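These notes open a run of structures that come right after.
Look at the two complexes coming up: subunit A is in both, with subunit B in one and subunit C in the other.
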Partner chain A sequence: MRELRLIAALARVALMNAAQYRASFLVDLVTGAVSTVGIVLPLALVYNHTERIAGWSFHESLLVTGFFLLLQGAVGLAVEPNLSAIVEGVRSGALDYLVLKPVDAQLVASMQRIAPAKIWHLLAGVGVVLWGLSALPSPSLVASLTAVVLFVVGLFATYALWVLVICTSFWFVKVDNLSYLLVAVVDAGRWPVTVYKGWVRLFLTVVIPVAMVTSYPALALLGRLGPWLAVQGVVVAIVLLVISRVAWLLALSRYTSASS
Partner chain B sequence: MPSRVALWPLAVIDVRQLSKTYRVPIKEPGLSGSLRGLFVRRYRDVHAVADVSFKIEQGERVGFLGPNGAGKTTTLKMLSGLLHPTSGDISVLGFTPKERKNDFLRQITLVMGQKQQLLWDIPARETFELNRAMYDLDRADYRRTLDELVEMLRLSDILDKPVRNLSLGERMKCELTAAVLHRPRVLFLDEPTIGLDVEMQLEVRRFIADLNNRFGATVLLTSHYMQDIAALTSRILIIDHGRLCYDGSREELAQRIAPERRVIVRQHVPALLALGFVEDHGRMVTTAAVDQVNMLLEEVMRRAPSAEIGVEEVPLDEMMTRYFRSRGERRDPS
Partner chain C sequence: MSGLLIHLRAAPTLLRIGFAEMVAYRAEVAVWILTATLPLVMLALWSAAADGGTLGSFSQDDFVRYFAVILVVRQVTSAWLVWELNYNVRTGALSPMLLRPLNPLWWNLAETVGALPLRIIVLSPILAVLIWWKPQIALLPSAATFFLGCVSVFLAFVLAWLVQAVFGMLAFWYEQSVGLYNLWFVAVALLGGYVIPMDLLPSSIVPLARVLPFHSALGAPVEVWLDATPDPCRTLALQAVWVAVTATAAWFMWGRGLRRYGAVGA
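Moving on to the complex of A and B:
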């Protein structure tokens, strides 16, 4: 109950904060559109020359692309703004005040900011998924639910990864570049995972499980995701969340507040 | 009321042989040095706080003095639980600060004059509301405390302005409010008046004294402004190079390092120059040992019968200058 009240208070503040920047709604409308075109257009160009890539037709690939846009949108909406604020807080020492509050610092630090303008990216993602589905047999209810659940689980896995990167900032102080690296790796998720072979595929599904967030929900919608893979996705997410929690607690316990 | 406290007053803060040592990489000069530093780092130990012990009782107001880098802030951070001591024991309200237990955090506060917890883009009232949720304060209690603080600090006009539009002084008042909404029993204040103009300094000082009187809060304060310390605290801790070198009342300190009085004649009387007075902004000023003061006053009244005369203690900041100078000479006899 207490946590719920705290979450409500945090959401209120995050929204008020975001409302200060009305211009970003327009800016993100444009960047959302540009990045959608930037991802869909190359895909369309490649499919001009071939029917299938690694077994995926154009409209099947659009599902992956749609989930990728949704992932970008969700990370930009709620994950990235908070975690970059933590990095900044470690550097400036502003985290001091948070650490001295009788609350779970991870909960508060993960919910202080929100970028509602990223809603455009989410809408674009939904649009692209629907476009893909329009030319495919409509998925069953179970398949649709599985896809949604796997996507949400995948989001938590992505959050956990970001937290792990952030935790290193408690040691190395300046890690903004690391999160750019992560963004670059996440970018690999825009292609169906079966395009990748061997170690790379394993890396993208288990270590940095972006494939899980984009390809698995698409496979579920297509009715091609075995139950074993669905379970694997959930397990990977839980393991990552546990590891990131432990890393966070460890990092916090050795937090040394910066300057005076 | 907890009976244990009433029957057997324990020290609110009990610090024993506290030390904090930082390992800092040695920066070698020049580009080649920097490059070498990337691969092979050599470290040296910096003893920020070394073997410090003291006790503070319930409701005391204590001033923490020392030059920059003496270890004041490091000590406050260890007392509040932000930093882990390298060795030694700290007990604050019976808790070990570094464990950062919620029951401990609910009863203390740390204000850092150079950092802010107020959310920059929205009104201070929203930060207060957020703190209410974080400390899980009862709404009625919270309202009462906030009303009281708003009245004490005259905040009613600035509560609903975005923090970025507030002046430094207004912001500091809101920072203090955010820091004490949960009615902490112990206040750690690190440079709470830094950068404020004189009037605002006075207001913040009055507020801290008021908090101590009304809520019975124990206050440990550091400040660059000696007037803060002089006005707010009767007990002084002096720390230098990480070591506690004085713990006692201001009067004792004055007797030890400045056992003289300053005699001021508030008008220009050239005849006093012969008595050792010097002119200072149209006034005549000199210092005299305590047992010489009466004699000096008689002499002054004979030479300038109508003058207004004052006798003062040596100001605290001058005392400190002398104190650290004498310590420096002892340490470095060259």
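Moving on to the complex of A and C:
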């Protein structure tokens, strides 16, 4: 209960902080719209030449791209700003103030900042998913629920990956670039995972499980996701969360502050 | 005229400094280079779409070849001037640089060129993997293609750098100029051949897309290298025209912008 109240309070403060910058909120609307076009249009141009790619029609692929936009939005909204704040805290020693508080440091550290302009990416993602669905038979309730659950589980898995990257900053200090590399790998999730072959596909399903966040929910909406794959997604997420928690505790025990 | 002489005399030293700086931050630079994975992601999609057959005039091997060359050209023609100028203008860090006898843009150009060897070193394992995957994509260009290709890449490098200079200088008037540069880059991606080869664009816009600067900045050198352009000399001429246009714009804006920068008193 105390944790829930804490989460609510943190979210309120983060939102108030972010609401100060109204002009950039609007500028980001334009940038967000353009980057959405930059992601969806190539897909349309490729499908201009062929009906199906790796077993997916255009509208089916749109579902994947929609979930990808949602993922980008969620990560940009709540994950990335916080984790870069932690890296900065480790470098400057500002993390001192955080670990002194009588609450879980990872929880507070993960909820300090929010970038509300990314809400446009989320809206674009919803729009693209609906666009895809408009030309497909409407999914059953169970299928829709599975898709939502898998997507949320996948978000947690992504968060865990980011925490793992951040943990390395306790040793190497300057790792913000590493998170850009992670962004670049996650980029591969914008297409259906069957587009990739061999070990690349395995890598995107298990190691950096971005396929789980984008392709699996889409498959669930299409009614093509076996229960086995759904379970696999949940298991991978739990394993990643546990690993990241252990890594965080280990990393925090190594934290020596900046001056000493 | 002596100003020009000073700049030329300083060039070798600046190049050495630029290279040394890149070596000092080698891990960071390598990570930056590796983040430009989009050509590989697009290659996966196109090659799955071709699925062993052909798409338009492109076979699967053609796609691998095309995006391998795109990857290289994109890397050797990339710069970071727009971010640097924007930051320096916004924060006033430009002021001390203006006190030097050398133009800060010249300094940045030397750094950008100095980064080239490291870019090639980081790229080579990726290329090696691509060639190991599809050995047949490795083609030896003829001497003429090699020469024209080098000239075209050089023109694209200059054009891309000048475009960044122009968008960076917009920061004298408008602080969010980096956002505008992102718009330019989306256009390069879609109309310049970055995510879709020119020949596979809807045929109604191809003639227009070919004369726009986006193609000159990225797609043109790739086509020259792959011997896939109908008239390479015309492509090079067009690139040269765009270089001249952007150079004029940059020269004009630098003068106007500096006056404005001083007027703000930053």
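Definition applied: the second predicted complex is superposed on the first by the 259 of 260 C-alpha atoms of A that agree within 3 Å, B and C clash if a C-alpha of one lies under 4 Å from a C-alpha of the other, contacts with A are read in each partner's own complex, and residues count from 1 in each chain.
Here is the rule we use: a contact is a pair of C-beta atoms (placed from the backbone, for glycine too) under 8 Å apart; a residue touches a chain by one contact, two chains touch by 3 or more.
Here the structure is a predicted model, which means the values were calculated and not measured.
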{"item": "Partner chain(s) touched by A:196 [first = subunit B, second = subunit C, both, neither]", "value": "second"}
{"item": "First, second, both or neither for A:165, with subunit B first and subunit C second", "value": "neither"}
{"item": "Partner chain in contact with A:20 - subunit B first, subunit C second, else both or neither", "value": "first"}
{"item": "Greater residue coverage of subunit A in the superposed arrangement, subunit B or subunit C", "value": "C"}
{"item": "Partner chain(s) touched by A:9 [first = subunit B, second = subunit C, both, neither]", "value": "first"}
{"item": "Contacts of A:238 with subunit B and subunit C, given as first, second, both or neither", "value": "neither"}
{"item": "Contacts of A:136 with subunit B and subunit C, given as first, second, both or neither", "value": "neither"}
{"item": "Subunit B/subunit C common contact set on subunit A", "value": "none"}
{"item": "List of subunit A residues in touch with subunit B within their complex", "value": "2, 5-6, 8-10, 12-13, 16-17, 20, 92-94, 96-97, 99-103, 108, 254-257, 259-260"}
{"item": "Complex interface listing, subunit A residues touching subunit C", "value": "24, 27, 30-31, 34-35, 37-38, 41-43, 45-50, 53-54, 174, 177-178, 180-181, 183-185, 187-188, 190-191, 194-196, 200"}
{"item": "In the complex with subunit A, residue positions of subunit B that touch it", "value": "73, 77, 80-84, 100, 102-103, 105-106, 108-110, 112, 114-117, 119, 121-122, 126-127, 129-136, 162, 190-191"}
{"item": "Contact footprint of subunit A on subunit C as seen in their complex", "value": "28, 31-32, 34-38, 41-42, 44-46, 48-49, 51, 55-56, 176, 179, 182-183, 186, 189-190, 195-196, 200-202"}
